[in-house]
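Each chain carries a letter (A, B, C, D and E) given by its place in the written order, and its residues are counted from 1.
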Amino acid sequence: MTAAPLPAACAAVLRRDLTLAWRRRGDIAMPVLYALIVATLFPFALGPEQALLQRIAGGVVLVTVLLAMLLALDAMFRSDIEDGSLEQLVLAPQPLAVLLGMKILAHWLTTALPLIVVAPLLAGMLHLPAEVIPVLLLALLLATPMLSLLGAVLVALTAGTRRSGMLLALMLLPLCVPVVIFAAGAVAAAQQGLPWLAPIAWLGAALALTLVLAPLGCAVALRIALDA
Amino acid sequence: MTAAPLPAACAAVLRRDLTLAWRRRGDIAMPVLYALIVATLFPFALGPEQALLQRIAGGVVLVTVLLAMLLALDAMFRSDIEDGSLEQLVLAPQPLAVLLGMKILAHWLTTALPLIVVAPLLAGMLHLPAEVIPVLLLALLLATPMLSLLGAVLVALTAGTRRSGMLLALMLLPLCVPVVIFAAGAVAAAQQGLPWLAPIAWLGAALALTLVLAPLGCAVALRIALDA
Amino acid sequence: MSDWIPLWLHKLGSPPVFYRFAGALRPWMLALALLLGAVALYGGLVLAPADYQQGDAYRIIFIHVPSAWMSLFIYGVMAVASFIALVWRIKLAEVVAMESAPVGACFTFITLVTGSLWGKPMWGTWWTWDARLTSELVLLFLYLGVIGLYHAFEDRRQGARAAAFLAIVGIINVPIVHFSVNWWNTLHQGSTVRILGPSKMSGDMLWPLLTMMAATKFYYLASLFGRIRADLLAMESGKDWVRQIAAREEAR
Amino acid sequence: MTAAANAIPLLEARGLSFLRSDEAVFGPLDFSLHAGELALVEGDNGSGKTTLLRLLAGLLHVGEGALDWRGRPRRRDDAPGEIHFLGHHLGLKADLSPRENLRVAIGLHGCRAGAGIGQALADVGLAGYEDEPVRRLSAGQKKRAALARLRLLPATLWLLDEPYANLDRTGIELVNRLLREHVAAGGAALVTSHGAVDFLGSEAKRIRMHA
Amino acid sequence: MTAAANAIPLLEARGLSFLRSDEAVFGPLDFSLHAGELALVEGDNGSGKTTLLRLLAGLLHVGEGALDWRGRPRRRDDAPGEIHFLGHHLGLKADLSPRENLRVAIGLHGCRAGAGIGQALADVGLAGYEDEPVRRLSAGQKKRAALARLRLLPATLWLLDEPYANLDRTGIELVNRLLREHVAAGGAALVTSHGAVDFLGSEAKRIRMHA
């Protein structure tokens, strides 16, 4: 009898979630398509005036990407709870926080990464100047993992309740606001030719903190949610 | 032994879905909150410049409401399929199309109606002129049932597949675009003081057509989806 | 530390003991709160001189600042009680945490409203997205989240544990509210009142402020005790000591 | 039970099979079921019992062979409300109470004369749980809530997929009693089971599935 | 089976109960389980069997009373990987095949020396279904896929909630064989059942739950 080593367990969880996502790759594509729809509909809804679109492009892309991520957040643990897989995960002999970290990573890889990949396209559709796009991508690379991590904790907390949707939104909104402010601040600064490093640095620092704490919090929250 | 009369059956389905929605009222509130978040984040992302906001307000509200509806569309039959309730519905001695019409009505009442109620608030947050708001509401009142009806057919079609998300989005996009164009056209016309009746009339005609055909299509699609 | 803390907590944390203790103290707390509040308002609104810059508008400070302090203080209490509740699973701690939340939310709301009212004449706007204002708003959302989460669970104690966890996580926001004026340059006033060292405020204004602070503290305790007693009776409705109380009430 | 033998059978299958990707899930089956008869569908795991029941219920399409209902080829909207199907998924909404779930069922299917929801729930042993959300019931209690439909709805043919699973001994007794009463009142039933629990003795027909 | 009786029990419950909203779900229970022992948890629907098993697995908190694991109070992260819990929900992902599901389980829990996935699946009668998505399996085949975990994972104590439900006769035999081999190898198991199927004869302890 040999207990599984931690790296193997992490690999197993990550691989499982990625395989599942691949099996339902239509669902991964959902947030991306959703973001594309938004970017397509905006010119229709506002009229194709280039200066106006350019002015709002950075903000629209940021908001769209973050909202598309929120869409998928709710489902992070739902199917695992319903089919009993989460219980098996909790009872595994590995530290739960690490395993959950892997689940969060898988979630980020399958929802946020595709969005970041299409972000330049979205930005292009709304005529964002090309030199601002790297800053936009940097902001997204820092902001999206933070949302995945914090979102996971909150989703775990509400997992035991039936009325999760509203609560989740209520708790996420205040978290989104500062993230959007900093990210949009960096993009706007870049678009006006001003220095944009300070807001990006703040985002980075916040990300480092959540990276360590969020999986631990998520583990505690899930244990509480299952305990009934 | 007495078979149930059709009105009683319709009432039973409608009441069931409304009760369920009420039990999970947090989830009904989700699209509304989602729309509120979008409307809150926009000023952050774009800067609180009133003229700019006013210019894009009508379009943003329309797109936001329609997208918030799409959010909830996906779940229209999911739980009924998973717990076997849909089989019971299909085996009921009533015409399936009518029963599904009731489900769609319940869905519209629980997702679109709250959104229409908060729409003036959203419009206000983005400084849409007050005299345009009635037109916006009229456009929403015609556009949202159409989305519910068409969406139901598509959701039913994709219910049997595993990769539902992408298909759904792909098929809905071409349907959304004309709806948004007409609705936004009416609002923009009203905002500029031009006559706005023509696009509204088109929306109304399209709605009347879908109202008759969509439940029938939905019934056929669902029978196909279950047959495996 | 591992042994005597839980032992001691369990003793005071026993519902019947606390029920009696809170019942005896509550009227005194309430009386003190009203008395001190009246004195402070008299001192603030009548005795204190008008500000040389702001005229009389500044007098809203006597509501704004004490409730702002309370919004933070109560959050702290809630987080500590939550910690005890999670680690030692003491029912009373759960109740203290959960019943503090609505009171704290009220104080936070008052802070936001009075701040806005004051902001209009001072800064020419009801609201800006400045660091302190934003973080205070986040505090309100945290309180609401705790309350909502608590009530979203069917099992009260499970709900209390989940909400307690959220309260502990949210504690990071408290230093952000307090120090935001130092860390970022904000529109909002820096700290003027200091516990240690000399204050930057004149004594005429200071003493009503401090009195009001004491009054709000007593008010919080009084209202907390009242809520806890009601909650304990509801939660322990099957237990002997509650039945005895009910019997006594009936006898009267 | 033999009185109806000469009459037209309720259900008659001749060479019936179901195709999935053009392959038969179960071999061609021949059987008939008259009013007042009981049939037990036996077979190993994966032999196609559930598939057969869904086919008879009209949820799946007949692949090969013929299926008659009261002497005429079965079409989808024949026999409205005459058939009641109870599958592995019980068709209960987890957020509604047993009482509310039954009310919906009655609204859709109508109600047997003289039957009442409260009485039906008491009969299946759920007295005291009428207003608890189904989510909070134990596995066996959920099953019992679904069985209460049998008491209430005016169906002639019952298709029960493993009605005994998750039930305790009194629950199994309950199912047997329900079946006996139904058959005595002129109904018919097709029940799947693995033969591990006591089924109504030898009164029943047996239909064997071969994997 | 009696050789270990004097040793420290694997699991010992004294006055154990679980509280939901401050009310006990089941009465105080006293029992102990040694390595090499089998126990059958009996009780009617809703008597708290599932709740007890989840409590023992460490998913729920002890309400009142004490629960010892190898002579010391059970804490959550004691006994990592020594306990395997099989509940009403099988813990299989419907979109993965049995083989992939087992691979994940091995990744998390490690593997018994000498055991292999293909062999384990063949043992539970799923040869030929190894690469089919679990969604397409019948109810009994899903259960068997979950039982294959018992073959593979190196757990000492098995907590099996109604392992017999949905299984045919060979399936029930299979569970009994697995239990016999596990016990012979020094493992222990707690099994819930309604007593309607043949449990391993009289070798087992019985724990009765009163509703």
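Annotations
Going forward, contacts are C-beta pairs under 8 Å (C-beta built on N, C-alpha and C of every residue); 3 or more make two chains touch, one makes a residue touch a chain.
Predicted model, so just to flag it, every value in this text is computed and none were measured.
Note on connectivity: the fewest steps through touching chains from chain B to chain C is 2. Among the remaining chains, those touching chain A and also chain E are C. Looking at which of B-D and A-C shares more C-beta pairs in contact, the answer is the pair B-D. Using mean Cα coordinates as chain centres, the one most removed from chain B is E.
Most remote chain with respect to chain A, judged by CA-atom centres, is D.
Copies chain A and chain B of the same chain sequence form an interface built mainly from equivalent positions, shared numbers / all numbers used being over half. Spacing of chain B relative to chain E, judged by their CA centroids, is 46 angstrom.
Averaging Cα coordinates per chain places chain A and chain B 26 Å apart.
Note: centroid distance chain C to chain D, computed from Cα atoms, is 60 Å.
For the pair chain A and chain C, the distance between C-alpha centroids works out to 34 Å. Counting partner chains per residue, chain B shows two or more touched chains at residues 23-24, 26, 44, 162. Shared interface positions of chain E, i.e. residues touching 2 or more other chains, are given as 20, 61, 88, 95. Multi-chain contact residues, meaning those touching two or more other chains, occur in chain C at positions 129, 152, 154-155. The complete set of chain-chain contacts reads A-B, A-C, A-E, B-D, C-E, D-E. Here chain D touches chain B in the complex through residues 20, 57-61, 76, 80-85, 87-96, 100, 103-113, 133, 154, going by the rule given at the top. Interface residues of chain D facing chain E in the complex, by the touch rule stated above, are 43-46, 49-50, 88, 125, 129, 137-141, 143-144, 162, 164-172, 194-198. Considering their complex, residues 23-30, 33-34, 37-38, 40-42, 44-47, 52, 55-56, 58-60, 62-63, 66-67, 70-71, 161-170, 173, 176-177, 180-181, 184, 188 of chain A touch chain B. Residues of chain E touching chain C in their complex: 20-23, 61.
Put simply, chain B touches chain D in their complex at residues 1-4, 8-9, 11-13, 15-16, 19-20, 23-24, 79, 82-85, 87-94, 99, 223, 226-228.
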